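Input: a single structure, listed below in structure tokens.
Note that the chains take the letters A, B, C, D and E in the order they are written out, and that residue 1 is the start of every chain.
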Amino acid sequence: MTEAASAAPGRRLWDGLQARALPVLTVLLAIVAIWYLGAIWMNGQWVRDQAARADTVLTTAEFIRQTLALDRPVLPAPHQVAAGLWEGIAGQRITSRRSLVWHGWVTLSATLAGFGIGTLAGILLAVGIVHNRAMDQSVMPWAVASQTVPILAIAPMVIVVFASAGITGLLPKAIIAAWLSFFPVLVGMVKGLRTPDAMQLDLMRSWSASRAQQFWRLRLPSSMPYLFASLKVAIAAALVGTIVGELPAGATAGLGARLLSGSYYGQTVQIWSALFAAAALAAALVMLIGAIETLVLKRMGLAR
Amino acid sequence: DQLTLQLKWVTQAQFAGYYVAKDKGFYEEEGLDVTILPGGPDIAPTQVLAGGGADVIVEWMPAALAAREKGLPLVNIAQPFKSSGMMLTCLKESGITDPTSDFAGKTLGVWFSGNEYPFLSWMSHLGLSTEGGAEGVTVLKQGFNVDPLLQKQAACISTMTYNEYWQVIDAGIAPEDLVTFKYEDQGVATLEDGLYVLESTLEDSEKVTDLVRFVRASMKGWKYAEENPEEAAEIVLENDETGAQTLEHQVRMAQEIAKLTAGTDGTLDEADYQRTVDTLLAGGSDPVISAAPDGAFTHMITERAFD
Amino acid sequence: MSALPIIAVWLGAWGLNAWLARFDTRLTRFLVALIFGATILVLWEMVVRLYQVPTVILPAPTQIAASFAANRGVLWTDFVQTIVKGALTGWVIGALAAIATAIAIDRSPFLQRGLLPIGNFVAALPIVGIAPILVMWFGFDWQSKAAVVVVMVFFPILVNMVAGLAATDPMQRDLMATWAAPYGASLRKMRLPAAMPFLFNGLKITTTLALIGAIVAEFFGSPTRGMGFRISTAVGRLDLPLVWAEILVAAVAGTLFYGIVALVEKKVTFWHPSQRPQRG
Amino acid sequence: MAHPVIEAKGVGLTFQTADGPVDALKDVDLTVGRGDFVSFIGPSGCGKTTFLRAVAALESPTAGTLRVNGMTPDAARKARAYGYVFQAPGLYPWRTIAGNISLPLEIMGFGKADRAARIARVLELVDLAGFGGKFPWQLSGGMQQRASIARALAFDADILLMDEPFGALDEIVRDRLNEALLELWKKTGKTIGFVTHSIPEAVYLSTKIVVMSPRPGRITRIIDSPLPPDRPLEIRETPEFIALAHEVREGLREGHGHD
Amino acid sequence: MAHPVIEAKGVGLTFQTADGPVDALKDVDLTVGRGDFVSFIGPSGCGKTTFLRAVAALESPTAGTLRVNGMTPDAARKARAYGYVFQAPGLYPWRTIAGNISLPLEIMGFGKADRAARIARVLELVDLAGFGGKFPWQLSGGMQQRASIARALAFDADILLMDEPFGALDEIVRDRLNEALLELWKKTGKTIGFVTHSIPEAVYLSTKIVVMSPRPGRITRIIDSPLPPDRPLEIRETPEFIALAHEVREGLREGHGHD
């Protein structure tokens, strides 16, 4: 027991890595295996039909090889998607219109703008709700209702309406993104700003602290963990909003446009590559916020 | 002068004339600065026009006339497309050979968002209900691509001669395995891809001059594209921001489009117009438009452009 | 100057609400929310009329109401197709699958470490991307919409449920250990009840997600009914009042759905501090 | 000034709850003079906390009159007359111990150098010198409680209200802090209101012991202590002390009856 | 059986923390016989809780051997030898008081009628008859603590481990519960391990008092009580009692030194 505890630090690092990486790798491997099986199964119908139309008989090996190498597969094989991603990311100049990096950048900029607007709106509304009783009672139910409006479904219309008001380009997309991302921030911040317990508030009262002092020195710091948790949800939501906003913008740029045009031409590999690029972007953004969170909370002494 | 054109669909050779006119400087020669807005699956150009987002739109006549009846005063100012490229493409194995007898009980893919009118009036010509059942046809809202046919979710899908049909072919289905029914051949063709503006625009004489110059330059572009399909396709490709189009597909599209724009200088043929209106009016219980429209087109622009 | 009446209505309603809010009873709370909503509607109507906004851009509430009354049959058909068949079925299946998976994960730390990071990645997949794929796989009817909903709601519920199952405090777990409780008993009598507030958190978030997923998926192919179908078709036909009537149905259905889940939550997690009447 | 520091006349406080009204305080009469050390003792739920909170304007009495330094409690609060120590430490977890002590000083607008000096002084006082840079969760429960006492002492309020401040501490530490508190009180002449469950503690510290009883919360006895201000720990073995403790215990037993 | 109930030989327990290892227990030797009432007393952080947890197999010693009823602690746990009362009530908020008491009974497979009878009996014992239908958060802290004691008593485990069970209660209630606990112990002959901060409580209840000291946590004195099993409350004024208390206090002071 004590021997294991006093093992060399390098060894411990390795053990930790193994404990973390091994399960992820195993699950990943399982998913890839299932994916390959799925690809063979789902693309099989097409390969059989083609063989029947061409009046040929396929060996099993032939059959499997063909299912994994279709131009327009129902489900592209993992290596096809990987190749598509590689081609899109590394195989182009990043300013090229075929570059996923370029499209990713277009999407990212609108996402960040929308995320900024949404976060600001969410925080301001939350501050209002916590400090004003009339706002508390009137805004919250309608904020919930606002999220049930299928904004994604009317996004095309929204874009047109904004265009008619002279707002075009990045902003309409960003506003759709903001619409989706303000809600998690609002909910999280209301909860966070209300999280100081009665005793902490009473202490402030006993010191006769002003409302502003109460806000800056008590409510805001104690809401930080909630804020960051919601920011992670919000940035993913903002990305989805941007992508949807890009769909009706038709054949212009962005990962959404890439998804759409892939879909329009039945280019499943292109769809999946754009999809993975989007997911990777989302994961990176969430991780970035996680990193900022750790940093801030550590400085605040809230991370242990 | 500034002018904004809203296309009906994504950047592709279907709109080659406009891109050529812009790229070759035809608009510039006329003193125009034209912005071309690509469309998309759920963009309704009529709505964009109504909202002031564009000065001119490319739209199909059924949708334009329907919008006119809804109170949006659209006017056709030019008609670069002489013939319709619409058709229904079926798998031969579905056993459909004759529309009048074989559609009943089948599932058909149709585009919506204002593009369903030609199909609906064809069906009412055939006396088929679109509510499903053994006597009618089951209608699917077809998405952006030709998958429903490849996946055999529908017996037939809507295709354009210049686009979706070739996607089916490219997907690996031989032409012999397909049966197609062109709207032209069925006598239910309606006019596609015309240029429309709001009535109020025509009251502004300065705008009218701009439109005249615009139509003139656009038609120059169309004729150039007709003669040089390869070059036109390349120009389209350069303007495609998604980077999803392929040259091969666009060249073929440009060649097919040339067949549709052939035989017109952009002036609307009144006989074609009348046929479209008649087709739409003959809709049985559910016609697309209820009365013959009045003032839905003007020859003023094309006359001044080409005199 | 024409903005004056608009500002006047706004200020008047706000004053009334600020006054009502001071009473803080159940009735006034309801009234305040109602007045707030009514004010927005009135302002909307006034803006549309005063500035003569075209109907194809933004219809007035009265037009929307008229369209709603005229199209009740269509709206009902669409409601059944999209919300009852697509959204609800998908939500129930997704929730059940997520709960079952969460329990499996809770039992196996290996799965927990392996599945959750990947789960987070998958959860970040934008649905608009999977919708066309799922329509391709599951066909045009509501099954593919339900599948989209399943994918959308699965991970939010899973993540919450996993957190919930781990949310018992150490003392509660130690107590179970001193009683030598087998896993089944500690699951049923401790982990599941303790997870309820978290589970409901996930269920509430996903009510609105489920609606959005089912509607958006219809854009990628559908039979000729459903709310997403109707919205895109009606936009094409410039029937904007009908579009907004559909949006109204979605909003009301969504709010009700959310409200019902919140109500059940109140009944099930009555014991949780956030559900107890606040002292002081 | 001629005013007593705390003057309660017929004070009543009724909470409206879902199960009906709860009389947390009823007919409370009490006068506390400048420099008094008053302990409140009584069974759980008898209104000790409620009374302290009413004095600090954290609750409003529903009957009678309550004056602090001749003003309303709320005016006294605004004049920053109170240092309050709650039953639990209530430290802000995102601030270090020094930061926590600094917080009320910042709010009241003390200068930077003055703050540093005060923090050092009170940390010394509660035996936490050297721990100023730690975060609350890095300290044991007892140390946290001492930090919260230090925080209440730092800004030298006239009136110190302490709600079972030593409940979580072990006997030895408690003895030491009792001595330190007495020392401080003698040196500064503050008026102190002190809630405790421990009879010896109440007797050892107070000039006045208020015995309370629940349902409705009321005062059953007020015992003035004959003990001298100088009290070594050994005073607890003297007969006067034991007699006083006995009297308090008797008072408590009376009010306990049924519970 | 010839086995002692608890037998610790050179028990050590080191926690690995980010700041390095913490010796919570070191070289602990202790033998507890059947029917003993053992109190653990010592300053905060001296390892009282850790030792109790190790006995209940909630922690594993990193050195030495620990046996319970001649088995490993884990085997004893599986044999359901323990009733454990934690320092905080630890009631499940979604169950009523009766439901909470019923929970271990359900897990151990007691029949329905038996459960009802036991619940009624222990509720009576801790003076909570009539409160069975309330939820934990509807009761005051003291009542919750009593409910948690009732829960540990309901299933008649051989060994009762109690970690400062009466810390949150006022003196009168505490006295009453002390009496009741002694009564129960005499009647059932259970073996009891009891952590407390109060010297009089330790002396009043125990047959054996274990004095501990921190850094590293270790036993500094084991005092066997000469008091008879029958102990009226007044025994606390006898010279034997006071001498014993004095001895414990001495032991505590030794280990306190620097804190």
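Just so it is clear, a contact is a pair of C-beta atoms (placed from the backbone, for glycine too) under 8 Å apart; a residue touches a chain by one contact, two chains touch by 3 or more.
No experiment lies behind these values; they were computed from the predicted model shown.
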| item | value |
| --- | --- |
| Contact-richer chain pair (by C-beta pairs counted) among B-C and A-C | A-C |
| Rigid-body rotation angle, subunit E and subunit D, from Cα fit (steps of 5°) | 180 |
| Euclidean distance of C-alpha centroids - subunit A vs subunit C, Å | 18 |
| Subunit A-subunit B separation of Cα centroids, rounded to whole Å | 37 |
| Distance from the mean Cα position of subunit E to that of subunit D, given in whole angstrom | 31 |
| For subunit B paired with subunit E, centre-to-centre distance based on mean C-alpha positions, whole Å | 86 |
| Residues of subunit A whose C-beta touches two or more other chains | 74, 156-157, 160-161, 164, 247, 263 |
| Per-residue overlap in subunit D, given as positions that touch at least 2 other chains | none |
| Of all residues in subunit B, the ones touching two or more other chains | 41-42, 44, 47, 50-51, 143-145, 147, 151 |
| Residues of subunit E touching subunit D in the complex | 42-45, 127, 140-142, 167-173, 197-199, 249, 252-253, 256, 259 |
| Residues on subunit C engaged by subunit B in the complex (per definition of touch) | 54-57, 132, 135-136, 139-140, 218-224, 229, 232-233, 235-239 |
| Touch list for subunit A against partner subunit B, complex | 46, 50, 53, 71-72, 74, 96-99, 156-157, 159-161, 163-164, 168, 247-253, 257-258, 260-267, 270 |
| Subunit C-facing residues of subunit B, complex | 41-42, 44, 46-47, 50-51, 63, 66-67, 70-72, 112-116, 130, 138-145, 147-148, 151, 153 |
| Subunit A contact footprint on subunit D (complex, rising order) | 53, 56-58, 77-80, 82-84, 86, 88, 90, 92-96, 103-104, 106-108, 135, 137, 155 |
